[in-house]
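These notes concern the structure reproduced below.
For clarity, chains are labelled A, B, C, D, E and F in written order, and residue numbers in each chain start from 1.
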Amino acid sequence: MTTNPDAAGPAQHDIDSPDNIARRDRGLAVLSRIDGHQGEAVIDSLADISPALGHHVAAFAFGDIYDRPGLDPCSRQLVTIGVLTALGGCEPQLKVHIGAALNVGLGREEITEAILHAAVYAGFPRALNATFVAREVFAGRDVH
Amino acid sequence: MTTNPDAAGPAQHDIDSPDNIARRDRGLAVLSRIDGHQGEAVIDSLADISPALGHHVAAFAFGDIYDRPGLDPCSRQLVTIGVLTALGGCEPQLKVHIGAALNVGLGREEITEAILHAAVYAGFPRALNATFVAREVFAGRDVH
Amino acid sequence: MTTNPDAAGPAQHDIDSPDNIARRDRGLAVLSRIDGHQGEAVIDSLADISPALGHHVAAFAFGDIYDRPGLDPCSRQLVTIGVLTALGGCEPQLKVHIGAALNVGLGREEITEAILHAAVYAGFPRALNATFVAREVFAGRDVH
Amino acid sequence: MTTNPDAAGPAQHDIDSPDNIARRDRGLAVLSRIDGHQGEAVIDSLADISPALGHHVAAFAFGDIYDRPGLDPCSRQLVTIGVLTALGGCEPQLKVHIGAALNVGLGREEITEAILHAAVYAGFPRALNATFVAREVFAGRDVH
Amino acid sequence: MTTNPDAAGPAQHDIDSPDNIARRDRGLAVLSRIDGHQGEAVIDSLADISPALGHHVAAFAFGDIYDRPGLDPCSRQLVTIGVLTALGGCEPQLKVHIGAALNVGLGREEITEAILHAAVYAGFPRALNATFVAREVFAGRDVH
Amino acid sequence: MTTNPDAAGPAQHDIDSPDNIARRDRGLAVLSRIDGHQGEAVIDSLADISPALGHHVAAFAFGDIYDRPGLDPCSRQLVTIGVLTALGGCEPQLKVHIGAALNVGLGREEITEAILHAAVYAGFPRALNATFVAREVFAGRDVH
């Protein structure tokens, strides 16, 4: 084992150390399981501009957090939809995560209901924007 | 029926019309079912300053929205926790809704896990603040 | 009266109950008075994806709140412009509400002045984005 | 005239140049007219930690912007209340500006109505927090 | 000197008074030094819709604040990138300020690293959006 | 090596696996170097309520990100102050990070200047709140 910080192994911040490649691969497997190819496309699109951001989205967000056993994937997507609706300006991420919500088993009406519920706390404009993203995602599924 | 806008009945904005009292009573029943006395205390505290805000929290947020069949109460609380964590500055509302989350059946670890999950999308400071609210709510339950 | 929650009438959450249709119709009348056809187009666009969100925008936002006598329409639009400028990411809603502001009697210079005023509290980027929406709305009026 | 940037006069960023003292004095006069002593107390409280922030609140926010003729003081306060309610976490500033709103002639019910109106766009938690600030301000006025 | 508020000179809010033209010219010189023509294009684009907003972006943001000696331009751009990433919905302003960051001497990797750093505090979606803006700015530089 | 996701070693989400303890220890060393005991106190305070949140603040935020070579600690703190000022409602985190900014070598006037600079983009209320936190941190240093 060379991850001991006092040892002479690769630094923790080296995203291409064997440990970090393993963490990233685990995260990419989780991401691909819930998002299919869409999430991976986001990571790939970061390769030229900020590979470290792509690494941490995969290794941390999906490998470390999403895969934790404390909450099932549908519950995670409900929280994510609540957060992204509230933040605003996250339409591209909402698009990925509404797709993921469908993939892990949430129904279309549960998704639009979650957004309507969010309107109470985050206001109608945020809910309207999120609902229009949902419509776009659902329409994309109907075509395929 | 006197709710026709063209008829001579009470105006829709009259929060003490029979229709609106009925809507508010329905909301207060939902609120009391999920929040016990805490939520009602918030409504009561508004009586002197903004009774209309209290009315609409009860009639709209709980009567019209929370009671809709499209999403079960645990799912609604997960969305709410996501939204309130993301918004920030909503510690008093988080306190009520983390209590409500426990009341409708979410476990303590599911609540802290939902907040950890929100950290990915809303950042760590928001998650830290929400987690400290959860600790306060859980501690209050241990005392009672 | 069948809105008593203990009675056997339609549930409060049934957006197509006679009471809720009446509330929605009242809201649509308010909306049409201040927004002309633009606001209604938003409601209509929700019919296929989230009719309940469309219902509550009309019945609650416009029927219950906008029509209250405590604040005149120009004042309501000033508050709305302040809120939407501050939230950010609400350009589509700003577009509707800047149009509504003109409809209820605010002048173009009052609208841009309100946005400049908001810059002090919400920062220049939010004010710039809102001002560019105002330009688009005003240009649309010049064409018609 | 020594404000020409190419001339040898004091730099524009020198907050104690004669021109900037004049701008600040003008702003302090506006601030004192609408806020009485409360606003000035905020500026004074910055003297030891960030005098430049205090200068720009007075000279820019009140001297340059608030005093512009394009919008009357009541309208400015309505926009400000909308922005501060929407931002959240600005309770100290809301306290000053709800006081200012009363000073320039808005009624208590107009203020709580403006906050209720903001709930539609910014959500109920933000409106609840702002309403509780209004209650505190109104209570302070009843005592004096 | 006619800036004394009690004197009969032009009002402080008159953005075309000699004093304000001098302040604006100073700001435009700062803006042009760090942004080249991009920033000026934003000011110019405001001439028809809100010349006062354009004036205050130049005179206040760049003339009064940016040019202060307390922080070097690279540090100012790091703060600006942090703020704009966190706010969200400020992609047009991020585009200008990432360009300015390159102009004042920050490297591309410092900029993407600053955005990655911001992800910890503001969440991954905000960092992703800011990184995609950086890619666009960098690509534009490669072409020229 | 047992971190291969297909191998039988501890799961990546097990925050007490040897790899994760090593990552956390590295992060705690970084945290202690820049924050002294304050940051560690935050992690410790999470032990009873959300040990995983504490783990990821240490292992991810400080071990993975803060320690990266692409940006020096002063630059990281400028970005952090920008983000936290803009978010609002993060006063406890600002307190820790303004202390850290002093620890890594930023001067008091650079910190208040960074917050003043943020006012342009995030508005004066956010800058006022952050400045009052700075005053509190500086006063605490004067006592010790």
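Points worth noting:
We adopt the following convention: a contact is a pair of C-beta atoms (placed from the backbone, for glycine too) under 8 Å apart; a residue touches a chain by one contact, two chains touch by 3 or more.
Just so it is clear, the model here is predicted, and its values are computed rather than measured.
Its C-alpha atoms fitted onto chain F, chain D is found rotated by 120°, rounded in steps of 5. At the interface between chain C and chain D, over half of the residue numbers appear on both sides, which makes the contact a same-residue one.
When the contact pairs of B-D are matched by residue number against B-F, A-F or C-D, over half are shared only with B-F.
Centre-to-centre spacing of chain B and chain C amounts to 23 Å, using the average Cα coordinate of each chain. A separation of 32 Å divides the Cα centre of chain A from that of chain E.
One simple way to say how far apart two chains are is to compare their mean CA positions; for chain A and chain D this gives 40 Å. For chain D, residues touching at least two other chains, in rising order: 52, 56, 60-61, 65, 68, 83-84, 87-90, 93, 112-113, 116, 119-126.
Within the complex formed with chain F, the chain B residues making contact are 88-89, 112-113, 115-116, 119, 123-129, 131-132, 134-135, 138. On the side of chain F, the complex with chain A involves touching residues 1, 3-5, 11-13, 18-19, 22-23, 25-26, 29, 52, 56, 60, 63-65, 67-69.
Only residues 60-61, 65-66, 68, 70-71, 75-76, 78-87, 90, 93, 109-110, 112-114, 116-122 of chain A touch chain B when the two sit together in their complex. On the chain F side of its complex with chain B, the touching residues are 42, 45-46, 48-50, 52-53, 56-57, 61, 83-84, 87-90, 92-93. Looking at the complex, you find that chain E touches chain B at residues 119-126.
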